[in-house]
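Right, one structure below, let's go through it.
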Amino acid sequence: NNHPTKVGVILPTSGVLAFPGQASRRGVEFAGMINKERNGPAMELIYADTESKAENGRVAAEKLIREGCSVLIGCWDTGATISAAQACEAAKVPLVINIASAPQITEQGFTQIFRNFTPATQLVSNAVQRIRELAAKTDDPPKTATVLYVNDTFGQSALKAMQAEWAKQNLPIEILDTIGYDVRAKDLSVEVAKAKATGAELLLPITRVNDAIMIVREMVKQGYNPKAIIGPGSPGPYEKAFTDALGKYGDDYMVCVPWLNVKNPRAVELAKRFEAMDSKNRFELNVGFSYEAVDIVADALRRAKSNDAAAIHAALKTTDIKDHVMWGGPIQFNEKGQNPNIGVALLQNQNSEPTVVGPAEAAVAEVVYPMRPFNER
Amino acid sequence: MLAVENLKVRYGEAEALADVSLHILPGEIVSVVGANGAGKTTLIRTIAGMVKAAQGRVVFDGQDITGLDSTGVCELGIAQVPEGRQIFPSLSVVENLRLGATLRRAQADRKQNLSRVYETFPRLAERQKQLAGTLSGGEQQMLAIGRALMANPRLVMFDEPSLGLSPILTEEMFGVVSSLHDSGFSVVLVEQNVVESLELCDRAYVLETGNIALEGDGKALLGDDRVRQAYLGL
Amino acid sequence: MNNATTRMWGGLAIAFFAIMAFLPVVTSDSIIAVLTLIMMFAFFGQAWNLMMGYVGQLSLGHGLYIGLGAYACAVSVGTFGLSPWLGILIGAVISAVVGAFVAWLGFRFAVKGIYFTLLTIAVAELGRLSFENWSFVGGNAGYFLRVAQDTHPLLSLRGGTTFYYFCFLVLSILGFWGTALLIRSRLGYFWRAIREDEDAARAIGVRALRLKILAVMISAAMTSVGGSFYALLSGSLFPDTMMGMRFSIEIIIAPIIGGMGTLFGPIIGAFFVIPINEISNHAAQSMGIFGLNTLIYGVLILMVIVFLPDGIWPPVAKRIERWMKGGASS
Amino acid sequence: MYSLYANVIAGGVLIGIVYALIALGLTIMFGVMRVVNFAHGELVVLGMYIGYLLWLSLDITPVMAVPLSAIIMFCVGYVLQIGLINRFIRRPHHAQFILFIGLALIITGIHMLVFGPDARSIADPSSFETYEVFGLRLDAVRLYGAAVALVMIALLLLFLRYSSTGSAIRAAADNQTGAQAIGLRVNRLYAVTAGIGVACAGVAGTLISPIFDTQPYLAGELTLLAFIIVIIGGMGSLMGALVGGILIGVSESVAALLINPAMKAMFSYGLMILVLLLRPQGLFGVKQR
Amino acid sequence: MSQPKPLLQVQGITKRFSGLTAVSQVSFDVPEGKIMGLIGPNGAGKTTCFQMIAGAMKPTQGSVVFDGRSLDGLNPEEICELGIARTFQVVRPLQEMTVLDNAMVGALLRAPSLDEARDLAASTLDQIGLGAKKDILAMHLTLPDRKMLELAKALATQPRLLLLDEVMAGLRPTEADEVIAVLRKLNGEGLTIVLVEHVMRILMSIADHVAVLHHGELITQGTPEAVTRDPRVIESYLGKGAKHGH
């Protein structure tokens, strides 16, 4: 087949989620470029924007499928992903999920999805694991915690997963309160005041980017200095917008997310190239998993040797990529379309750089604990 | 003093004034009568610059004022007591009066004019602070007249000042108009009370569907039976 | 309107809908998808127009009824395993009741004009917020219909592009026809009287309260049915997108741009508004210029409302009528 | 507990005063021209971008940028009124509605084109400052914002009450034909009013730019916020806007404390419905207008 | 003298607007088949009385009885259905509907079908001389025609009692005479009328009975001649040198 395969890419490139959406798009574009350099299978990447509205996932997917795409990548956000998956299911076109963490995605009976991202349950169980390791390492572990979570599809499923995991692992840290806030909240001063009033020693924010910034800004103003801030698997601190907006106040913030395999020289080299091309951006999770999604599609195309959606689907089913950029085992998909082998790292912002501080086998730096009070920075 | 020449006015496709010419001499009371919808209000509004003429000219003191906006016209000393009074109901009586003197020509004499208005209408002086909207119909009419006088006018145009007023207030109204005349203002009077207004005026025009049908001495028109029947509906 | 002109417009409507019914044979799926949206908005517009164009009640909260219809149907199907037809009915009843309540509130407390409009916004937003925090329907996290099972489309009301196109086409036809019947009945006279001057109408015996409530109920129920179908089409429901202000605003642009208080207005408006939206979205996305679509869309609707104060349809209709008459006499 | 509530209420009052300024812009345009500006939020966001841009390019803090922002936004309002809104004054509400929706889309489109969709935050050191007053910890930017807003509101009230232009504006609001009949330049008064209304929105926007991150999509919410306040305070009433603003500022914050913050907006809408039903003219509104 | 039984009984009605008492303790009877005039200075409360009788305003105190039935708590439309029709002082035509449709809305109150309503409306319009203009939109009518349309809408509801609020104000005398003739004829057919007019000539020529309001109070009532001779009426309303009725 000489015609390039049309690959649809659905991302929230405008609206509330534009920041990570556009980062993801850069990852896809970068991967397309690398693929061409390596003489990979011919692909034509066609983009569609969800405007950060979940239901537009379906609209975008249908549109791309009508335009002849035989495989889709997307959608960064859980809501949009489920909605796109419905269209893919109806049209029998595979959807490779770059990022989206809600567990229900793989529990809806979809046959066309392939998720190379950790579901919230796994994300959180790893996160709880990381917190346990951290607590074990110090002689001054936090005894109480408060959760601040964004009240949307992703936030709710992450919260649910976390509460379940907390009980299951029987962590000796008491959760004092869980405070939800609106996705479109323009200011979080009351929410932070409320969290501060609980006196929790550990703050567990489940956020998107903008709200993560608002939370820290309010914490600085209100002088709320818990022993640690650890995001149990949510976006925010590792993104450029966050470190740019907060500078030194953004340091010491931790988050548990899948991350670049910093010990793989090829991956590190790729990241360096990306950052050299585009000094304003970082090769973080959004870029990385979007890059990897294209890699997965390219690999499947190479094996399928066809533009036919069914053939691509079959090839995706047998994916097995050992050498890849994100930290974790080989990329494989189970019967539900989930890659179970993704690792979760503990990142901490140090000097405005997200730095891997755990688990031990992946860490490149020592963790700063307890967090330095804001007014002493 | 004021001359209207071949005025034609349209509202969209409807013609309100077809071809109207008339004039007013200094110190005169000129009455304009005519059926509903004859175009009396339109005439006044056109002179006042609130409606644009399609054709014709309005000349005041030898100056062509046809294209002027209402502010420009007022500045020249043409004031009006508009149909339906059009006072400012949620402003106080004084504020209403003061606003009558916003124009440049009137600002200097504001104090003096105000006391003159209070002299003419002692009722208004009593109710300076009251909101205009709570005045009775007759008082509102006085206020509208007073407000017009605040502009230092030379010509005052009245549009149906007695509409909806009780007989006693109507009578008072005519008294005020004639006393204005006595103190030297020129007056254009549009009225439904044909008899009183014709009796009061120096000259009169009868307007019929956008055209001047008749012109002449008010009392003479009243006396002519044919005119009474055909045009005045008496 | 005399009988001859009524017949002429009726004929025109039949011809138009007949052409619409044949379109799927000759056009591609992507055009059908856009036409589906057009028919959907034409139908929503018709429903809204009934209340605003003919009864003079400006609602900016019709998204509420879309959402109620959507959720009622989706939850009936997804959670209770009922037939979608039943879900549609349940949604329509709920919406009618809620609509009646809003209308009653407004009437009872003499909330009129722009204040009534703001009341509709407030109730709709309150509805949205309640749904966003109601976990039974998924709250902010959304409610997702499972993938359609292999049953007959007319039973499950799940199908492909063309299927939903016909669904909304049929709804449009019913909406058009029903509205036409209603406004030519006694009700139509009373409604128009209320629209012109409610107090004056009441003084000559028009039972404004019931009639207004009735109009809102019909309009809400119609909107709700459209919402149910939309839910089935979409499969994923979020309070913000299903019943937010945005939807409320979107559905009224077409009938106003098209020509309010006319039967064809909402359809013509939808034919103008939706393609513009699609084309400008496409342009902006392929060029990667974000905001261009919004800008183009805004400029165009602004131009229509500035230069065609009554909307697109009335002047066109006048011309057609004149042309037909001219044709008859010559 | 005391300090939690006191802090939150104080924060609510401060932000409420800025809300009041937003609402004032809306109410003044409604009171005088009887138009309901559905693009108000977009204009607030424009003011926010002005604040952001001046900080970014010239390093002027938003409070200092207020005079410039006021002038720019006044001109925007003036021109909009003369060019567009004026033709719609006598047209029905739904036509005005489409006009403003069109305007809103255009403004948002321009914002997106120029600034992109991302939230822009002002990372000035000043936006992390706080003051301790009576054991309360007050956010510096909110404090400045409220102070400036309060001064603006007071100046406006004085202007409308005592200046001759002010009373002419009130007269034009009261009776347009009457104003024209006595030679007031109604269109110019309208333009000045629109200028003031938009300037209020813009200045408020500039003031909140260090508090809320600037982004195009904020607009719709701000428009609704202004509506809620105006309904509660009374359409066309300036005092109403002030009281309504503070009320909403406080109730939003307290509601977030008492119930789930995600549900706090319900409180405001509930309040609005209650007012609409029990006192449709608003707390300070005049009946029958 | 044997009075016919009163069709309308106004019993001590009072209306207060925050602070202001617009109508205070007003009582009067309107006998069936008669024409009654209601006069008084501007702001005396005449229109307010009509508003309360027609149900558009609720009296602060007192009640209205129509044909032996109390109207307390009834809506305007219910009162209209009982047989009371009214016109508005400031005319309120249904602007964007034709003259015929305006009258039809009123006619539909009693007509069982659209066709019958149309016939009834058309004959009502003919009766008051608006027949030729039935297909014009109401907004294009001149003021006198609007006043007549106001009358037509009211008549199309086939009332037993008609409340007319200054329907003839602003009409030229000859035009007013035509309306008077129509009212006389209707009255001859059994319609009871209450009318408010400032033009004494009109009132004198058709009213059987006149009631005078002043500052919201009923100061006197009686035959037109008696009332116009009453010094209080002359002082507060007519004026000394009045030679009314052109």
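Going by the order they are written in, the chains are A, B, C, D and E; count residues from 1 in each one.
To be clear about the criterion, a contact is a pair of C-beta atoms (placed from the backbone, for glycine too) under 8 Å apart; a residue touches a chain by one contact, two chains touch by 3 or more.
Chain identities (UniProt): B = Branched-chain amino acid ABC transporter ATP-binding protein; C, D = Branched-chain amino acid ABC transporter permease; E = ABC transporter ATP-binding protein.
All figures in this text were calculated on a predicted structure; none of them were measured in a lab.
Participant: Can you name the chains that touch subunit A as well as subunit B?
Facilitator: Neighbours common to subunit A and subunit B are D.
Participant: If you take the chains that touch subunit B and keep only those that also touch subunit C, what is left?
Facilitator: Chains in contact with subunit B as well as subunit C: D, E.
Participant: In terms of C-beta pairs in contact, which of C-D and B-D ranks higher?
Facilitator: C-D
Participant: Just give me the whole-number Å value for how far the CA centre of subunit A lies from that of subunit E.
Facilitator: 76
Participant: What's the distance between the Cα centroids of subunit A and subunit D, rounded to whole Å?
Facilitator: Distance between chain centres: 37 Å.
Participant: Would you kindly tell me how far, in whole Å, the mean C-alpha position of subunit E lies from that of subunit D?
Facilitator: 48
Participant: Between subunit B and subunit E, what's the gap in Å when you average each chain's C-alpha atoms?
Facilitator: 31
Participant: Which subunit D residues reach two or more other chains?
Facilitator: As it turns out, subunit D has residues touching two or more other chains at 112, 116-117, 260, 262, 265.
Participant: What are the residue numbers in subunit B that touch two or more other chains?
Facilitator: There are none in subunit B.
Participant: Spell out, as numbers or ranges, the residues of subunit A touching 2 or more other chains.
Facilitator: 13-14, 18, 151, 182
Participant: Quick one: which chain pairs are touching?
Facilitator: Those chain pairs which touch are A-C, A-D, B-D, B-E, C-D, C-E.
Participant: Can you list the residues on subunit B that touch subunit E in the complex?
Facilitator: The touching residues are 35-37, 134, 136-138, 163-169, 171-172, 192-195, 229, 232-234.
Participant: Which bits of subunit C are touching subunit E when the two form their complex?
Facilitator: 185-186, 189-190, 192-193, 196-197, 199-209
Participant: Would you tell me which residues of subunit A are touching subunit C in their complex?
Facilitator: Touching subunit C: residues 13-14, 18, 47-49, 53-55, 57-58, 62-63, 66-67, 79, 82-83, 86, 89-90, 102, 104, 108-110, 151-153, 155-157, 182-183 of subunit A.
Participant: What residues on subunit A touch subunit D, complex-wise?
Facilitator: Residue list for subunit A touching subunit D: 13-16, 18-19, 22, 151, 179-182, 184-187, 189-191, 193-194, 196-197, 209-210, 213-214, 217, 220-223, 241, 244-247, 249.
Participant: If you look only at subunit E, which of its residues touch subunit B in the complex?
Facilitator: 20, 40-43, 142-144, 166, 169-175, 198, 200, 236-239, 241-242, 244, 246
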